[in-house]
C-alpha cells in the first residue's frame, strides 16, 4: 500500500506509462526513506570521470564495484547509480536488492580541452537487460554542445519511457556560455532545472546554488520581483519552484568530500527549502564504510524530519 | 456541422489526409473563435527559451504548467502550444479540453553564440502519445543552419502528415544573413511565410512586419510595382498574399509584454490586413489571470469583427 | 499507340523498371509536343529561391500556385515542376491533368554565404503520395559540397527508380571550383551533363552554354580536336553528345526574363543543335497569361519543326 | 570444368560465400584469358573523372557507353568496369555478354581542392539489379579522408559479400600524407595493396610502382633486408608478396595514353613479376577500335605466356 | 570439466549471456595455458598498422596470414587476433583450431597527422560469419576523438554481447591530452584499464606501465596514499586493482621486438604483479618460427608458475 505522499508524487506524472510509474514507485519506496517522498542516492561514476586512484585510493575497497552495491544496500539508499561496466559486473549478483540507475553518458579526464560533451556509454537496451529501474544522463547547459546532449537525451527519453523506465537527469551548467562562478549561480541552476523538466526528466539532479546571479537579463527580474535568494533554503525553494512549481523531484549533489558539519548544514538547507533529497558520492564511498553509513543515516534522518 | 468558412479553409488543404483535416478542423472549431476561421493561440515556451524567473516571476502561478492549460481553456483560446515536458506533465489531466501543439524544437539562452539552431526536443511519436493535434517547429531563415532546420522540419512534416497531425511553423528570420532590423522587414517576413508554405506548413506564425526593406534585389520590385507597405494592414495583406495568395493560415506573434493599447492597435492592423489571428504568450500569462482573460476576449472580439 | 520517336527514346532506358518507362512516356506524350520527343516544361520554384515579391509581383496571379498549374495545362506544357508545398496545395485539385515533377531540394536567398548546397525539402514518398511522375533535384558541380549533393541524389534516385518514378536533374555548375564565367562555359556545361548522366538521371537540365572554355586541360583537347563551339547550335550539339551520345534527354533552361526575340533566337539554336527542349519559368509566368501562352506555343512550334 | 589454376585461385578465397566464388570464377573464366588466372580488364570512368571531351574526343565513338561494352566484348576482356549511369544505360542490351564491375564511387574534376574523397555514386542494390558480378571502389590511402573511405568500403564489402558479389578495390595512395612522387613509391604501393587485402578485397588494382621509397621507417627495412626493387619485375613481385603472399589477385593500371612500346614493356615487367593482369582504360578506348583490339590481344598474349 | 580457477573467473562475468561465457571459457581453456586463468595471445595487425615490409621482411613467411594461424596453433597460444582480411583469408582453412579475435578497427601509417582515431574495418556480423570467439577494438584515451571511439565500442559491445561474443579492448592512451611519456604513465595506464572496464570489456590489453605520473591531480593521491609503483610488479598490481579490483582479465602488450632477456624480465614482472597474461606480436612472428615457439613456451611457463 503506497503512502499518501507517494501517491501524490505519482499523480504529477499522470501522463506516463504504468511501467514508468511502477519503477518510480520502486525508487520512492525503497530504503530507509521509502514512502516519505524523499531520497538519498548513491552515485559512483568517479572511476570513469576522475580515474581509479583519485576516486578509490582513499578507501581502496571501492576499487571493487561490488563494494558500492553493498554500501548502498547496507545504508538503505533509495537507488544506486553507476556506469555500464560496473552495473554489468554486479547486477546479477545483487539482482533486485537495490534499485539501479544506469548512467548512459560519461566523461573521462585524460583529455580535457573544449566545452564538455560526454560519450554515450550505454543504451536503454542495456538498462533493460541489466534490470535497472532508470536511466541516468548528464546535460551541460552552457556548453556549445548543449543541443547535441539535449537531442541525445530526447531520443533516449522517448525510448526509455516507452519501455517503462524512469529518466534521471544530471543538469550541470558548464561551458563557454558561462563563467566558472556562474555554474552554480541561482539563476543558472534554476534554469538548468527548468530545462531538464522540459526535456521530460522525472528526477532532476542539480548542484546546491549560490546567491550569485550570472545573467544580466535575469538579475533585473530577481531584483524587480525581490525573489529571496539569501539563504540556501531560499535558493533551494526557488529551484524547486522552477521545476514545474515543485511537481518534479529535484535533488541535490554533494560535491567534493568535506567535513561532516558542512555536509549536514547543507542537507538542512536543502531540506528546509523543500528539496527532495541528495545524491552523495565521494562523501560516502571515500569514507570508511561504518562512518559512511552513520553519515548517510544522519542525512536520511534530516530528510525524514527526525 | 462545420461553418462555410471552415469548409472553405479546409478546401485549401485538399491534398492532406483525413486525419490531418480532422485535427485542423478541431483547432479551427475550438474556443471562442471556433468556426470563424480566426484563431487566438496561447504559446508557453519561455521557461525553456528565457529561463523560469524571467518568464514566470511576473506572475508566479505560471511556474506551474497546469496554469497555462487552465488559462487557455478559461480564455477560450483555439490551441495551446508548449515544449514536451510541460505537455507531458498536464496532457493526461486536461485530456481533450483544449487542442495542443507539441513544440518539437527549442533553444535555451545559457549559451548564445553563433547563428541560431534549436535542439530537437520532441518527436511525432510524443505528439501522438500525448494526444496533441499538431506539431510545432521553429525555423530561422537567414541562419547558416537554415538548411539543417528545413531538413529536420521536412522529415517531421512527412511523418506528422502521414499520421494525421497538423504542422505549425514558427518562421522567424534571424542569423548572420540578416541585419537585426531585417528580421522584421516586410520583404523578409513575406519571404519567411513563403518558405514555410513551400515546406508544407498548415499554419504559419510570423512576426508583425515593419516597413523596412532588407534586400536590395527585393527593394527594386517593391518600388517598381508600388507594393503598398505603409500601414501594418498593408504589410499583413502582403504577407498573407505571399502565403499562397491567402490560402494558408498565417498568424502573428505578439512579442514582449506591452501596454494594452499597443496590443489592441496591433491586432486591429492584423485583422484589417486579413491575418488569420494571433499567438499571444507573454502578454497573456505574465498578466494576472483575470486581466489576461479580459484582454484575450477583447482580442478575440476584434478578430470576430465585433 | 506510341510514336516511333517515343519508342526509340524509351529504348535508351531499357534498363529501367516498367513503372519508370510508363511515367517517362506520360511526360513525353503529354501536351502540345506529345509524341514528338521534344519537351517544354514549366518550373516554378522562384518563390522559394528568390522570394515571393521578386517572383510574383510582376504578375500577381502567380502568388497562387494554382495559377501555375492552370498555366501549364492551358499552354500544353509536358510537365510542371514545383517545390513540395506548392505541389501539395494543388495536386488533389488538378489530379492527373498535367504530369508533375516534385522538386526535392531548394535554396532560399535570405542567407547567401559559402558554396551552394540546397536543403532537401521533399521525399520520394511525397512524390508518390502526391501523384507525381518524377522527382527533380539540383546538383551544383564545382561546389565544395558537390559530393554531398551527388550522394543525396544517388540515394533518392535508387529509391525513385525502384518505385517507378522518373529522375530529372538540374545540373548547374557553380561554386568555388569555378569562375562566374565558367558556370556556363562549354566544357563545364558538357561535363555537367555527363555527371548527371553517370548519376543515373533520365532527363537533364542545363543552361545554354557559351563559347568560353574554363579548364586548361579541357581547352587543349577542344583545340587539338577542333571541336566546333562557335554557335549556340554547335555547343548544344556538343552537350547533347556529351550526354551518352544523344541517348539522354537534355533540355535547356531559359534564365531571367528577356525579350521575346531573344527567347526565340535561343530556342532556335537549341533546336538546331538537337536539344530535346526547354524549361521556361520566369519568361512565362511573369508575363500576362495570354502573352505567356502565345510565347510558349511559338516555342513549341519551333521544337515541332513548324 | 574449371582449370587447375582457377581452382587454386578460388581456394585462396575459401572463406567466401558460394555466390562470390561463382562470380569470381565467371570473371576468371571469361574472355581470351579465361582459365589462365590472368586478367585484362576494361575500365571507363574517365567521363566522370576528367570530363567527356578530354576522355572521348580523341575517339568520339566513346561518347556512347555502348561502344565500351562492345569493345570489351570484341577484345575478349575479362570484365568491364564503369560508373552507374553507363552501366544502367547498357546492362539490359548486353546482358550477360561480359562480366561487369559497378564502380560505386567517383570524383569529378570541376572542383579540385583538398584531399581526395570520392562521392558514393551507386549501391550494392544497383549492382544486383543491373546484373553485375562485382562492385568496384577506390580508396586513397594517405588522404585525410582515408578512414572515411575505408569505412564506406567496409560496409559495402560486408553487404556485397553477403549477396554473392566480388569486391574490387582501386587502392591509389594520394593526399597530404604523401609526396607526389610517393604516390607510386614501392613501399607505398606495397602498403596500399596490403590495406586493400586487410579490408577484404578480392581483386586489388594498384599502379605500377617506382623504385622510390617514401617513408623513412620503411627505407631502413628495405635496405637492411636487401629487398630487391631495381626492376619493375622486382617491384611487382614485392607488391604481389605484400598481398597475402601472392594469394590475392593484384592487377596493375595502365595510366595515361602512351606509345605501344611503352605499354608492352610495362606489361612484360608486370608479367615477369607475377602480377595477375592489367586494367587498361585510356590506352584502349582512346585508340581506334581495331588498333585497340590489336594492342589488347598482344597484351593478353604476354600474360598468356605466348 | 572446467578448473576451479576458470569457474571463478567466469563468476566475475555473471551478468553476461551464456554464449559469451562459453566463448570466454573457450579462450581460457585453449592452448598450453588452458585452464590456468592465464593467457598468451598472438596478435598480428602490423601489416595494416605499419606496412607489410616493416612487419614481415624480418621473417618473410609472415607475408602469408596462414603462417600466423599456424604459429598460434603450434605454439599453443590461447587466441589469435587479426584484422578482417587476414581472418577471412584463413578462417575456413583453420576452422576451430584456435580461438579468434576479429580486430574491428585499425589505423594505417600512410597518413599520420592529428589525434588518433582508427577506421572501423569490420563488424560483429563478420565475427559471427567467420566463426570468431571475440571482437577486438582499440580505444585511445587522451585523443580528441576518444568519445567517438568509446561510442563506437559501446555500440559494437552491445551487439557483440547480445550475440554471445567476447569483447577485447586495447586501451592505449595517446593523443593531444597526454605527453608522449604520459602514454605509459602508471596513473594513465590504470585509468585506461578502468575506462575499458566501465565500457564493458571482458579482456583489457594495456601497455606495461612506467613509474611516471602524468596528471597533477593524480600525483597528489599517489603520494598521499603511498601507492607502491617502484617495480613493474607494483605497477601491474595497481593496474589490475584498477580493473574492478582484479575481477577483469587485464593482459599486457609486448611492444617492439627486443632481446629475449628483456622479454622474460618483463613477463616475470607482469606475472608477479598478478597480470593475467601477455599479447606478443612482433616479438614472436618476427623471429624464426622455432625460436618464437621456444620463447612463447618459456613465457607460458612463467605464467604457469613453472
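So that you can tell them apart, the chains are marked A, B, C, D and E in the order they are listed, and the count of residues begins at 1 in each.
In the analysis below, a contact is a pair of C-beta atoms (placed from the backbone, for glycine too) under 8 Å apart; a residue touches a chain by one contact, two chains touch by 3 or more.
Remember, predicted model here, so these are calculated numbers, not experimental data.
Overlaying chain B on chain D by C-alpha atoms takes a rotation of 145 degrees, rounded in steps of 5. As a whole-number value, the distance joining the C-alpha centres of chain B and chain C reads 36 Å. For the pair chain A and chain D, the distance between mean C-alpha positions equals 58 Å.
Residues of chain C in contact with at least two other chains: none.
All chains join into a single ring; listed from chain A onward through chain E, they run A, E, D, C, B. Interface of chain A with chain B (complex): residues 12-16, 141-144, 146-147, 150-151, 154, 158, 162, 173, 175-178, 187-188, 190-195, 197-201, 215, 217-218, 221-222, 224-225, 227, 238, 241-242, 244-245, 247-248.
If you check the complex, the residues on chain D that touch chain C are 47-48, 50-54, 57-58, 60, 63-65, 83-86, 88-93, 106-114, 117-123, 125-126, 130.
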